[in-house]
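The first chain written gets the first letter, and so on, giving A, B, C and D; residue counts start at 1 in each chain.
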Amino acid sequence: MNDRFHDLRQTVLEANLELVARNLVISTWGNVSGYDAEAGVIAIKASGVTYDEMTIDHMVVLDLDGTTVAGDYRPSTDTPTHLALYRLYGDHGVRGVVHTHSKFATVWTQAMRDIPALGTTHVDYFDGPIPCTRELTPAEVAAGYEAAQAVAIEEAVSPDRCLRMQAILLAHHAPFAWGTSPEAAVTNAQVLEYVAEMAYLESTLLGRTPDVLPEHMHVKHRDRKFGADAYYGQVTR
Amino acid sequence: MNDRFHDLRQTVLEANLELVARNLVISTWGNVSGYDAEAGVIAIKASGVTYDEMTIDHMVVLDLDGTTVAGDYRPSTDTPTHLALYRLYGDHGVRGVVHTHSKFATVWTQAMRDIPALGTTHVDYFDGPIPCTRELTPAEVAAGYEAAQAVAIEEAVSPDRCLRMQAILLAHHAPFAWGTSPEAAVTNAQVLEYVAEMAYLESTLLGRTPDVLPEHMHVKHRDRKFGADAYYGQVTR
Amino acid sequence: MNDRFHDLRQTVLEANLELVARNLVISTWGNVSGYDAEAGVIAIKASGVTYDEMTIDHMVVLDLDGTTVAGDYRPSTDTPTHLALYRLYGDHGVRGVVHTHSKFATVWTQAMRDIPALGTTHVDYFDGPIPCTRELTPAEVAAGYEAAQAVAIEEAVSPDRCLRMQAILLAHHAPFAWGTSPEAAVTNAQVLEYVAEMAYLESTLLGRTPDVLPEHMHVKHRDRKFGADAYYGQVTR
Amino acid sequence: MNDRFHDLRQTVLEANLELVARNLVISTWGNVSGYDAEAGVIAIKASGVTYDEMTIDHMVVLDLDGTTVAGDYRPSTDTPTHLALYRLYGDHGVRGVVHTHSKFATVWTQAMRDIPALGTTHVDYFDGPIPCTRELTPAEVAAGYEAAQAVAIEEAVSPDRCLRMQAILLAHHAPFAWGTSPEAAVTNAQVLEYVAEMAYLESTLLGRTPDVLPEHMHVKHRDRKFGADAYYGQVTR
């Protein structure tokens, strides 16, 4: 296919398939999108497609207003939320968004609780508690569900913090994660589920809300990975 | 084999094998049936057969009175309950029934508790709490266990609701799920287990019965998937 | 190899490998034995052998007094308990014994609690609560650990009940299961772990010891599988 | 490659890959090192490398002062802790060290609780509760995080006990395990996770801190595996 969006669609296809490989979705659930800021378009999974029949043709291309630019399928029902996230965070470097109903993250979402930062595993990725959005009112839902959700997201993670807090819990619904690429967003969704599970386990072990990681440990671990003198990973050559 | 029920049996065989692929059964447990309303027959797994030795010959064909029409094996012990479900719901479009002892759904069953609708994942599939049938009395069990169970099922999910509530918990025993095809019934059994697990997790996280999904969120999610203006999935062309 | 115990050893090897396939053991843990009553010998896994290097040569053959009859390896450390079980139950038809440290069954063992019969899944296999042996005294352990354990086992499951209660929890240690063949014993060990997990889940869901299955449901399910008019499985032809 | 550290690096590579096979790590997390006492060097995984792209070239060789002797990559961020463990325990026979964020062990770490010895599974490997280090003060972290951690480790497991207690929980962070080879260290990390999970399960089942294994059972099981008259495993020939 002579397709000027081929690379974007291929990257997004592979990231969608990773959701299955990492046990983050069942059935047709979940979706990954990628954003090409230069072209001003995103690619996203078509709605209701199963992962074993999915091909590059199921990756729909839209502009940030939601108009389909390429692709024969209807995009994911969650497309408005993906678009809202790119409009909020795209200028700050976000290039991939992931939505799942992964079990433990969804449980925190249903309980309307932030996931507290309980250990260094959490703060290696998320700089503080992972916030749950406030409950939307009946009036807001009636006036426009996805638009109201975008407002609630911005209240919970302001754009200037979006690379230090790359995930959010949508009240009563399920999590979204994002990153500087579709692959990075998938990893963030996976780590989100991991820390959501550990926070569940510690809470039930103790029979109470656990104590959060002390501030000086939080700062030390964040800075050795992300600070000016970071010493994690390989030097880019 | 020159078999006029070949397609039905093949579909039911494949759906049975999906129970293993989706981690819903161990050993010889569980069974799927399919209903051919035109022919007035169902096909169902033979009793006590392991999944790795199962072939199309283990799919027994019976009429709705339970008389074997084709097949050399004795049908599943749970056949009377499958037949009862088709007699109740067959005229409303039910074409597949699944029985498992999947862990979390069975735990709610043993605890004699409905699975509450705690989030949008639940109401995307089940329009309210998934009901547990009442306990049968010793007299009812003595007079006819499976017939009494059929009465209790009808009390819990009336035929007119059977496509909005495609699962039930049989008191002290285990769940049944159904759908408009054997494959759809397997998916409903899988989602049932998923929401049963999340309801367990939220209950133990909070140490109390969780709050149910607010009504306006319930209605919004149900309608975007099943309502007159639904925008989930692909348009049938 | 010209080996008159070849068939017994092969059967026992395959049953040992099933422990890995069914996720009941890690590392070198666990062991299965089989009993040839006519020859008066058992075959059992050698001690400390990993499952991926295991061959028929690692199956050691011993008489019921524990004297090695064939095989170059030292038998499992748990051999005295296997032998005690065959001496107790061999005349009642037991031909296979399995020992694992499967997680949930071991947790009940450590907690010194019987696994209560909470649903029909349990009573389809085990005719009542699965008993935990009493704690051995320091004097008993000093005088002969495995012999004292045999006494405690007999107190918990008398020989005449051994085919209706095919598993036991050894206090503070881990479970044993048995059956009319090594394969049947492995299935019983797997179902034991399954019901141990469900009993854990129901207990933590309710925050209290759950109610046991009512007597009339227990009797009905046991009898439809094991009673004089049983209608589970295929008729032996 | 003409590499005098080839065997050490190959052994360490294989042990790292075992972390994935045994479900102890996701993403780039975790690391294994091996110590060649004669050459006075360790090999350790490079920082931030994913397991599916990992080759022997990603195994970095350093002396015990942390100077790279061979390899083109930056070693794991956790290298200072590995080195501290070899300096403390190398003279007592430790030749492999493993770091993971395995879920249950990490949860105990975050909760700052020792893992109690609740059953024979635990004492077959760990001679008492698995200790959590004390919390480091802000001043200690500022003065040198990894050096302060080495002090806290020595306080929790003195060198003379290091082969009877082959694991430790680093406060708020995650576990380390070690052994007489890299492979043995991986097995200890896996058993650590197993007993951490069972201790979690028993604690939540009971709703309180469980009773520890009685002393006479602890001694009996330790001695049958490690005592002068041990009868576990094969005689070395």
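Quick note on the criterion: contacts are C-beta pairs under 8 Å (C-beta built on N, C-alpha and C of every residue); 3 or more make two chains touch, one makes a residue touch a chain.
Chain by chain, the UniProt names read as follows: A, B, C, D = L-ribulose-5-phosphate 4-epimerase.
Keep in mind that what you see is a predicted model, and the values were worked out from it rather than measured.
*Asks:* Given a C-alpha superposition of chain B onto chain C, how large is the rotation in degrees, taken in steps of 5?
*Replies:* Chain B sits rotated relative to chain C by 90 degrees.
*Asks:* Measure off the straight-line distance from the CA centroid of chain C to the CA centroid of chain D, and report it in whole Å.
*Replies:* Each chain reduced to its C-alpha mean, chain C and chain D end up 33 Å apart.
*Asks:* Where the CA atoms of chain A average out and where those of chain C average out, how many Å apart are those spots?
*Replies:* From the centre of chain A to the centre of chain C is 46 Å.
*Asks:* Provide the list of chain B residues touching at least two other chains, using ranges where the numbers run on.
*Replies:* Expected reply: 204, 207.
*Asks:* Among all the chains shown, which pairs meet the touch rule set out at the top?
*Replies:* Here the touching pairs of chains are A-B, A-D, B-C, C-D.
*Asks:* What residues of chain D sit close enough to touch chain A in their complex?
*Replies:* That would be residues 26-27, 46-49, 73-74, 77, 101, 103-104, 106-111, 135-136, 138, 141-142, 145, 172-174, 200, 203-204, 207 of chain D.
*Asks:* Sort out for me which residues of chain B touch chain A in the complex.
*Replies:* 22, 118-121, 187, 190-191, 194, 197-198, 201-202, 204-207, 210, 213-214, 216-217, 220-221, 224-225, 231-235
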